[in-house]
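Next up, some structures in C-alpha cells.
You will see two complexes here that share subunit A, one where it goes with subunit B and one where it goes with subunit C.
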Partner chain A sequence: MNELFLNNYVIVYLFSETVLFLMALYAFFKDIVILKYWDFESFSARQLKLEKQGYLLSTIATFIFALKFILLIYFVYMIDSLSIIIPGAMCGAGVISANSYGMPLLFIKLTTIFTFLLFLTLNNLDLKAKNYPLLKLKSWVLLAALLLIFLESFFDLSYLFNIDLSVPVSCCSALFGNLEGANPLPFGLNIKNLLILYYTLYIASVLAILLENRFLTAFTLILFAIISYYAVVYFFGTYIYQLPTHKCPFCMMQKEYYYVGYLVWGSLFIGLFFGLIWVIIGFLKYKNKTAKQIAIASISLFVVLCSSYVLFYYLKNGVFL
Partner chain B sequence: MKNNSFFYFLTLNLLKEKRRYAGIVIISSLLIFLLSSVLFISSSIKQTLNYTLKAQPDFIVQNIKGGKVAPINSNMVNKILNIYGVEKVTKRVYGRYFFDDKYSTLIVGVDFLDEQSNKNLETLINSTDLKQFLSKEQMIIGQGVKNYLKTHYYNLEYNFLTPDGQMKNIKIFKTLSSKSAIISNDETIMPLKSAQKVLGLKENKITDIALNVPNDSEWQTVKAKLQSLNFNIRVISKKDMQKAYESLFNYKGGLFLVLFLIVIATFSLLLYLRYTLAASLERKEIAILRAVGWSIKDVLKLKFLENIFLVIFAFILGSSLAYIFVFVLNAPLLKNIFLGGSNLTNFAKFTPVVDYGVLSTIFIIFTVAFLSSVLIPVWKIAVTEPKEAL
Partner chain C sequence: MVIIENLNKFYEIDGQKQYILNGINLSVQKGECVILKGVSGSGKTTLLSIIAGLDKPSSGKVIIDGEAVSKLPDMHLSKFRAKKIGIVFQNFNLLEGVNLLDNTMVPLIADKIGLKEAKDKALNALKLANIEHKANKIPSELSGGEKQRGAIARALVANPNLILCDEPTANLDRENSLKFISALKKLHSMGKTLIIATHDPIFEELDFKHKVVEISQGKIGFAVDA
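The block that comes next holds the complex of A and B.
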C-alpha cells in the first residue's frame, strides 16, 4: 500500500471525488433520457416528469459545480502538502509533474469548471423564459460537463496511483528555470516583448468587451491568458518571490507568499471564464451584463495585482530585478 | 434571493421547527466533534514534533553491523571534521536504561565542554552552571523520570546498574522544564563518560555522531561524502526524520479517517431515509408555498439553504467543542491513541494549533456526504404538485 493513500488530504479528496462521480453518473442517465424524450409541445405524463427532472439536474449541477470549485483549491493545496512526502519536490510543481497525468488533470479540472459554469448560465437564462428555449442546448452542455467529470475521475486515479515515492521528481527550478540558455518563452519572445504583448492584450481584451465585439474578445482573451501564464511565471513571479532566479507557478501558493497564488491564478481564470461565457451567450442573442462586468473587473484585478508587485518592489528598492 | 423576507422566512422556519432539526444537528456535531478531535490532536503533535525537529542536528552518522546499529569509534569524528562545510560535529552516547521491565529512561550522554549540534542542548548547557555541575557525577532529568524516582524514594541520587554488573551512583542536579514535554519527559542527561559507563560502552566507543551543515544546498554532497567514509556507515538526515514523523502521524490519522468514512456512509444512508420519510410530512407545507406563487426553484433554494445552514451550524458547534476538548481539557481518553506509551507519562499539554488544511478537510468530507444524501429527497419534496398534496 502506497503511503500516499493514508495522507488525510488524499483520502478526503478521493472520497469527495467518488461521491461526485456517483452523482454525475446518476445525472448522466437522467440527462440522456431528457435529451431523447423531451418534447415541449407534448402534454404526456412523461413530459411533465421530465420537466421536474430538469430541476433535479440543475440542482445536481449546481452542487457539483460548487464542490468542484472548492475541490480545485483543495487539490492544489493537497498537491502542495504532498511535496514533503515525495522525494525531490519542494512545491506543487514537482508533485504535479511526478507523472504525465498531472498536468492534463489540472487542465481537465479547469475545463470542467468552465463547462459547468456555462451550463449554469444557460440554465439561468432558460428558467427565466417560459418555454425552455435552451433546454436541448443546455442538456448537451451538461452531458459534455458530465463526460468531462468521468474523464477527470480516470485521470485522478491514474495520477495518484502512478506516483512512485521511490523515484525523485524535479523541483520547480529544474522545470521552469532557464535551462542551458534555451528560451522557454513562446514565439521566440524576450521578456520586454512579452510585457508589451501582455499589457497590449489586456487593453485589447477590455476594449473588445466594451465594444461588444465577440470574435475579437474570444481571440484576445485566450491569447491574453496564454501570455499571462508566461508573464507570471517568468516575470511577475520573480517579483513575488523577490528572487530573479525563482520561476515557478506553484510556489506562490505557499504560506511564505501569503497564498497570493490563489488570488493571482483565480482572478485570471475567473476573468477568462466569464469573458468566454459572455461571448458564447452573446452568440445565442442573450445579453448578460454581470458576466461582462465580472470579466473586466477580474482581469483588471489580475493585472493590477501583478503590476503592483513590480511597482512596490521598485519603490522599496529603487531597482528592478 | 434579493429580498430579505426570503431570509426572514428561512430563519423563522428553522427556529419554529427546532425540534425537527435537533436530532440531525446533534448527531452531525457529534460526528464532526469526533473527527476533529482526532485530527486536532494529530496536527498538534505534528507541530510539536516539527518544532523539536528544528533543533535537531542536520545529520546523524551511525555504524551498522549485520543490519543493526553498533557503537562507532570516536576517532571517526576527526575524519568527518576534514569534510568541508560541516560544523558542530558532536559525539553522542545514548540508550535506554530500564528501571524495571516496564519503565525506562533515555540516557543522553553529552560532552558538556564541546559545542553542540542540538540547539536545545545548547541552550540547556548555556543555562547550566557547568563548574558546579561537573564538580561531581551528576545528571539532569526529565519530569517523568523525576516523578518515577520520587515514588521510589530516590530524591537526590540514583544507583544505576551497569551491564558489567557494577553500581553507578549519580546525583540529580536539576529537572528539565516541561515545555517540550513529549520529547524530554523521559530523558536523563549526563556527562559522556558517565553515560558510557551506565550503558556499558568502552571508552573510545560512542553511539553515533551528529553534525550540522549550515548551507542546505550542500546537504546532498555532504551526505555522499559521509557515506563514502566507510562502507558500513548509515547517514540519517533531518529531512528523512521529518518524513518518518509525517508518515507515522498520517498513518494514525489516515487509518482513523478511513474507518470514519464508513461511519459517514452509514450516516448518509440514515439522512437519506429520514428525509425521504419527512417528505410526506412536509408536502403540505410545500404545497401551500407553491400555491401562493413560489416556483420550484424558490422551494429548492429554501430547502437547500436550510440544509447548508444546518451543516454550517453543526460544523461550527462540533469543531469548537473539539477545540475545547483537545486544547482546554487536554483530550482525556483520546490522547492515549496517539501518545501511546505508558512509559513515565507526564505529558503537559497539547499546543493549540488551528490548521486551516485540517479544518477544510473536515468541512469538505462532511458537506459532501450530508448534501449529497439529502439532494434527491429534497428535490422530491420540492416538485410536489400543490393539487396532489392539499
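The block that comes next holds the complex of A and C.
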C-alpha cells in the first residue's frame, strides 16, 4: 500500500470500479442462467422470469456502459493528475508506463467499452423484433463484456498496486523523442509515408463504408486507427504542442492544450467503434444507418481536427515544423 | 379474439407462492361481452391488467388476435395496446389540468398521426361517448359520470377491437351507471369485444352479455353462458 491509495482521484476511481464490478458479477450469473435455460417457445414461469431478467440485464449493461465511458475519461484525467506524485512523470504518458500493466489496462478499457456498445446495439435490434432473435448472441456478447470487466479489475489493481513511487519513470521526451538510430514508426515508415498512408486509409475507410464493403471497412478502419495513433503522436501532436520534440499522446489532454486530446482520441475511437459495429451487425443481415453515419462523421472530424492544427500553424508562421 | 391458457400470477413470500391467479383458462370470441364477477381481492383487476399487458403473468399464455401479449417486448406491447385495446379504469385515470379533448388524444401519441387528424378522431370518440359538449372542460370540472364517459371516449379513440373495463361503475350512482351501460351497448353493437370486471349486480341485468365468469380466490369458479 502506498500513498497513491490516499489520493482522492484514486479513491473515487476504485470505489466506482468496485460498484461496477459488483453489478457485473450479479449480471454475469444472471446471464449464464439466461444462456442455459432460455426457451422462447415456452410459457413456463422460468421462461417468463428470464424474459423479465433480460430487461434487468440490459438496464445494468446500459448503466455499466455509461459509467465505464465516463470512467475512461476520468481514468485518463486521473493518471494525468498522478504525474505530480510519481517521480519523473510529467503527464499521463509517464504514469501509464510506470509498470507493464498500464498500457494493457488502457487497451482492455477500450475493448470493454466497445463490447458493451456492441451489446447495446444488438440489444436494440433484438427488442425491435417480437421474438428476441438475437437473444443468445447478445447474451454471449454481454458475457464477454462482463468477463472483460473482471479482467479490467484485475489489471486495475495490479497496475495501481505496482506503481513504485520510489522509482522514477520515463516520460514524454525520453519515451517519445527522436531516439538516435531507432525508428519508432511501424513498417519502417518515415513521416512522409506515414502521412500518405494516413490520408489514403482515411479515404479508403470512408469509401469502403459508403460502398458497404464490410470486410474492407473492418480492415481499413483498424489499420487507420493504428496509423492514426502514430500520426498523432509523431506528427500532428507536435503541431498541437507547437514543439517538434514533444511527442506525447497524453499532454494534449491537459488544460494548456484546451483538453483537445479528448476530442482527438474520442473522435478516432468513436469512429472506429461505430464503424466496426456497423460491420458486425451487417454480417448479421441488419442495417444501421446511424452507426454508418456516426463512423464517417467521427473519423472525418478526427482528420479535419488533426489537419487543421498543421494548416493553422502554417498560415500563422509560414513554415512547417 | 382472447385466449387465456393456464395463466398464473403469484408472488413468492418467504419461499411460499402466494397465488393471485391460479390456472385461469378463458376464451372470449370477437364481439362477445364477458362479465368477470367476483368480490374485491378475487383477482379480477390483476387478470384484466395481464390481458391489457399492464402486468406480466408468472406463467401461462394470453393471446389476443394471435399475438402472445405476455411475451411481447415493451416497445411492441405499447403499440399493440394503443391500437388493439381500450381500457376504462375504475378511477377514470384522466390527466388533471388537461382538457377532455387532449385527454382523449393521449392514446394516439403512439400512432404518430398529425394533430388535426388526432383532434378529429378524439372529437368523434367524444361524440360516441356522448360527452363532446364537455370537450374543453378539465376533469375537475366534470361529474363522475362525465369523467367515466370521457374515459370511454379515450378508450375508443384508437378504434380498438377489445375494450376492458375495470369496475367501471364503482364510483357512479345508479343513473350514471345506466348511462354507462347504454354507452357499452352502443360499443357492443359496433362489434367491439367487451370484458368487464365488476362486482356491481347491475351488470347481471345486461341483455347483451354472452358470458358471466365468477372469479374467486384467483380461480375461475364457474362460467355461465348467457
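Operating definition for what follows: the second predicted complex is superposed on the first by the 320 of 321 C-alpha atoms of A that agree within 3 Å, B and C clash if a C-alpha of one lies under 4 Å from a C-alpha of the other, contacts with A are read in each partner's own complex, and residues count from 1 in each chain.
Convention: contacts are C-beta pairs under 8 Å (C-beta built on N, C-alpha and C of every residue); 3 or more make two chains touch, one makes a residue touch a chain.
Here the structure is a predicted model, which means the values were calculated and not measured.
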Fit or clash - subunit C, subunit B, common subunit A: clash
Touched partner set for A:144, first subunit B, second subunit C, both or neither: neither
First, second, both or neither for A:127, with subunit B first and subunit C second: both
Which of subunit B and subunit C A:305 touches, first, second, both or neither: neither
First, second, both or neither for A:70, with subunit B first and subunit C second: first
First (subunit B), second (subunit C), both or neither touched by A:43: second
Per-residue contact with subunit A, leading partner among subunit C and subunit B: B
First (subunit B), second (subunit C), both or neither touched by A:52: both
Clash with subunit B, by subunit C stretch, listed 44-52, 62-70 or 152-160: 44-52
On subunit A, the residue positions that both subunit B and subunit C contact, one per complex: 52, 55, 127
For the subunit B and subunit A complex, residues of the former touching the latter: 39, 242-243, 246-247, 250-251, 253-255, 257-258, 261, 296-297, 300, 304, 357-358, 360-361, 364-365, 367-369, 371-372, 375-376, 378-379, 382-383
Touching residues (chain side subunit C, partner subunit A) in the complex: 5-6, 8, 56-61, 67-68, 70-76
Residues of subunit A defined as touching subunit C within the complex: 40, 43-45, 48-49, 51-52, 55, 127-130, 132
List of subunit A residues in touch with subunit B within their complex: 3, 5-9, 11-12, 15-16, 19-20, 22-23, 52, 55-56, 59-60, 63, 67, 70-71, 74, 77, 81, 84-85, 127
